[in-house]
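Chain IDs A, B, C and D follow the sequence of writing; residue 1 opens each chain.
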């Protein structure tokens, strides 16, 4: 399904007056509105190819209808999202779930939909059919050199797929670790992993990067071999300038101060980017901003402050991706909610009065510092985000549009009720 | 495979002298050794039918070889465990994964293996093929009365299976809950669940009990409708005397004091029993005692103290079951380790000097109270547990026996390498 | 210091036009604005007498200047807050830190300032000078009957003080518990505590209530004898209709779903009220809404829904109090921020479209339910809260007023820099 | 009080036969008993000067009797502990609580008691009387250069005290951080702290080290400027070879895998040493081994493995200290329990069969690896630790001796009931 642009224009027309009233009211209170709008327009969040189907837990999975049954349909879905919000202009592929059969055709389709290929993702946390050696006891960390070699080669193959598609980075999330005390020698596991990563690093094209993702627990329940930002940073530092640390919001121990981690990784020049989602307990992979929206804002606050301090380009110098699991929602609706939450948090961070905040910090005026952040957060910036969409040709209210126009029903009609997307 | 008793006798003969030396040394330090031994002999831990195959996470599952491919083979496996340790004389069935085709035959097999049928377990956390209505949004809590009715009827059907087999209790674990704020009206979800449970309760035979299990999170990641012991106790109290609260060690928020919960539920006469496992992060379902053995001892310490205070029979008045997931181990070896850890903790609890402990507590002598518990825990009671096994015809060292005799290899020979046990 | 009303009127005059513009814009989007405004005007949050001085931790305390040095000055401070926001019309006294020397005089002062006396609070977590027996090992739980008796009598004495002042409830927060395994018999500690509470309950005047507060940990670090809502509810149920459960937002294990607890306690008719604060790690006692404002809204969402379902009066049928510790802020500024956060969350909850939310819940429309709550939360309701203040004679922007008018400087002038308020 | 050695000899004589029987039984099962015994004899745990009095929480402190009222009496107390167990041969001083008035006299007293001076500890988490600038908003991180300078100079002064006493290391624990979002610029706080530490580092004598301690939370409740091992390692790496990371067992987020952190810090050559204690919730500062003894063993298991891999001397190459708070126990009894738990865990780690463990790890034999660790942990090594004490002239059972001989009563007689030791 390719969305006819006229449908969006018509929808926006109906809401134009009401939107304008709200936007004008808001705009009068914000400095540099035009600058903020341009940044919002430029900001793009990649959609992972595995987030387009219904997710599940170890206890079960309740599939929806009209899920994409092929890589082409996944691109279509992301294209649809992007048409709706003009903020989802990239797709991140997971290998081997989404290996293109014909690179040229896929690239052409992506170009037509206005999509870039974001980081490619390797998978050594599952055994694939016909795979020679098992990852039951890890991959890059494995005590057996042959298993490590197989996992290294898989990663190098993933890079090759990425090169064909025009990706510029490889994300390595390792489930490697242990379930019981004694199972692993932590130091040897670290050393094996480092050496494996070094071989992968050596295979990176000149202009590529490798993102080392960390996770505190699951699927291993005693130790993870890339378990926290400290470990990931150790790997990234030992690897070299092309390596950096990827933050997934759900991959921390309870109560972790993620925004501080973000600030320090930026300080070190070692922040790769984000996997956005939200959570209450563990790696719950809930819709971005659905549980702790203030934390999301605080993270963006550090991102904007830290990137500006280093003269970085918000839109291009870090990797932005959603990584959620839509167990009880329509995946496309969920993704629209996630992107909206991200854009709002980014807009909030862009409108923080940094001069006043710095002054409050320099004066240890804790009350004022808190007021500045809270007042920004309490300001309703939805019209600002909507305006950015309007200007870039997207729908003023993407979710409302999706529902009113019954786009899922159209997809079901095309695809049927039984297709199941590859993924978790 | 039915284990020839002579193999065990022969094995025990080889280790008899060395064991006797250790046991005699230990026995001289323990009061009422004979009484403790008899209690250890009487104590039986049920094995769930779903724990005999390799478990997995949402990220994948790495199956082993020689897994039981039928209910009959599952009984065989439990029979084998029981032959090895004489402490696993019961099996707990999960419906619909393990519906007997022929009750009489299954009962005869169980009797031959010396096994009882423990609590039967319903499943409304997954959709079964050909199921009319989906549990995607809950079962007993569902806003739609028809779904609730379907789930109630499933539970009643499970009871009927149990009656045929001679079970005396139904365990209800509900995954019902919500993933996002706003999804549920908590009060209505509670009321719906209560009414559904009341209908199930009404269908219980005279001499049956229903166990209401609670869980803090997963597979729902915002709220669980039976989320903690307080909620479960509310249900159980409103239901009546046949209802009580089941404790699964992995179903708590971080840092919970489980032993205190156990003590209070016993005080209220509302403790149903246990699902034993261990965990570091969430419902990790690790081998019992593998992470926090001291906590396991403290829980048994409350159990023995509280049951004795109520004049309860340790072996029969509560339900004891393992509920773990063997992702990286041979399931039978893992279960042998779990039973061993339970027996050790029980033995420790039986040998606490309660007179001295009470005196220390009455004197607020915190140091002495701690010493009493620690000294018990630090005492090596393995020979005591081994002696109980020896006297009941089990192997002195079941795991060593299992490995030396290469029992898994025998099972693989019988069953092949490709069988996959039903379960998670 | 008694604030001249003209100063507020003058301040409001300066901001009237700008406020009117914002309020009018907002009002056009809200149903029943007048009803909501009246509820905001009626809603009062009690200020605890111990929150008017700088707090500290076990590591130290950094006092501020101009702290109230007497009960009279504490009333003055609350009177000042109330004059500024007209939402702080009650004070909650802590005995023995704030025993009035002359009831009539104190009552007259309170009346003049427009203040009520909220719940009185007992203290058996510290030893007072000249106290006969120590609470080192607990108070109402103590193994020694004489200590329990002393603690019971203290609580009864607190009730007497409350009666003199016109309070109608006693809040019992017990630090009772244990620091080490073995120290306590949990069951006996519960029974002792229950019996002690029963004696206190028997001493309650006809129209009084007793609030049983729970806390997961600190100052005891192994067990707390009123450790969670389940335990508190057990006590409250056994005590009778005058007893109910008090929720302090910081008294939970990590990741607890507090809003669900609130809903269930309301369902049971056993919610006493709140101690508001915020936290990231434990009982951090931070400014309300400073860390998890969305959670605060979700809690108020349950409060409004649940109270309306029972036909309760929002303003009078539950106890509302702040309980925070201002370690790095001016206590009065911090309290103004806390009250503002509470009023905002209450306003948000009042403006949720319940008809639509119920419809979404009944349809399992998770996306819509989330949208409804998020859209409410994202709406900027500050002008609504300001309008309620304007209509009740308070300052449009209390914190701004406090700072611009340099009220703390006035207090320092009156009181000096060395006064230290009683409290933690 | 100086303990007469004959009292110990007499006590040991009474228990010699019973001990010998147990030790001989145990020794027959252990390889290299003599080597293990020598390591146990050599291992010394420093006692902090602030742990000799009763601790407290922000809610209160219940002092005991006979606490040391002077630095001399604190040394006496540590001397007494050391006489009892010959494993506490060092004291760690806190400045300014324990500034010697006469270095020579104090050194002479220490020498007489067989005590060394371990790391000296600075204090910038409290304001001292007559201190010019306040640490309310941090010390080494402070936005005001003058405050940083004051804190740096304090640390340099602490080094000077240490030099006079023969210490060789400075432990810097910073409470620096923030309580509210916005209060701090994380990056600037890090940079300020780093520059401050660099000045302190520059002042270190040639043969000194500086230990950078981290803590997740408390007394700051939003962020800590040295908040986890990753941050501490960043500082230590940027500082240079004399700087390393100090691990306090209670300073982590819930569920952290501390033993893995230990292993990786050792791998990096950046582990400074330990502050031992135990905890269930936060920095509870409970007796070592009282809550999670298996975790303590796992930590020592990594220590022994990792130090041996680097050829390090267990006794001298890392700093070993207790840092607990004895709120409800006699501090000396508590310290005896803590040292006993440490020695046991060390003994367990020394007796792990590493050849078999390595083989199990290399074979991914998870079951065997777990068995090896559990069997070691379940073995009762108390006679081994007692034998080490016997050989070094200490009491076989120090706590029993302390109690039977009523040593606290002797101290009370000497010091009275009202002395209060400096500390928290």
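Annotations for the structure displayed:
Operating definition for what follows: a residue touches a chain if its C-beta (ideal position, glycine included) is under 8 Å from a C-beta of that chain, and two chains touch if they have at least 3 such contacts.
Keep in mind that what you see is a predicted model, and the values were worked out from it rather than measured.
Among the remaining chains, those touching subunit A and also subunit C are B, D. In terms of C-beta pairs in contact, the better-connected of the chain pairs B-D and A-D is A-D.
Chain copies subunit C and subunit D are related through a rotation whose angle, from the C-alpha fit, is 180° to the nearest 5.
Homomeric contact subunit A/subunit B is classed as same-residue, with over half of its interface positions used by both copies. Averaging Cα coordinates per chain places subunit B and subunit D 40 Å apart. Work out the mean CA point of subunit A and of subunit D, and you get 43 Å between them.
Of all residues in subunit B, those that touch two or more other chains are 136-137, 179-181, 183, 216-217, 222, 254-255, 257, 280-281, 287, 290-291, 294, 328, 366, 370. Of all the residues in subunit A, the ones that touch subunit C in their complex are 25, 254-255, 257, 280-281, 287, 289-295, 328-330, 333-334, 337, 344, 366-367, 370-371, 374, 377-380, 382, 399. Residues of subunit B touching subunit C in their complex: 136-137, 143, 178-188, 190-191, 216-217, 222-223, 227-231, 233-234, 253-257, 259-260, 263-264, 266-268, 294, 298, 302, 305-306, 309, 357-358, 360-364, 366, 369-370, 372-373.
Chain contact summary for the complex, subunit A toward subunit B: residues 56-60, 62, 125-127, 134-137, 175, 179-181, 183, 216-219, 221-222, 254, 279-282, 284-287, 290-291, 327-329, 424.
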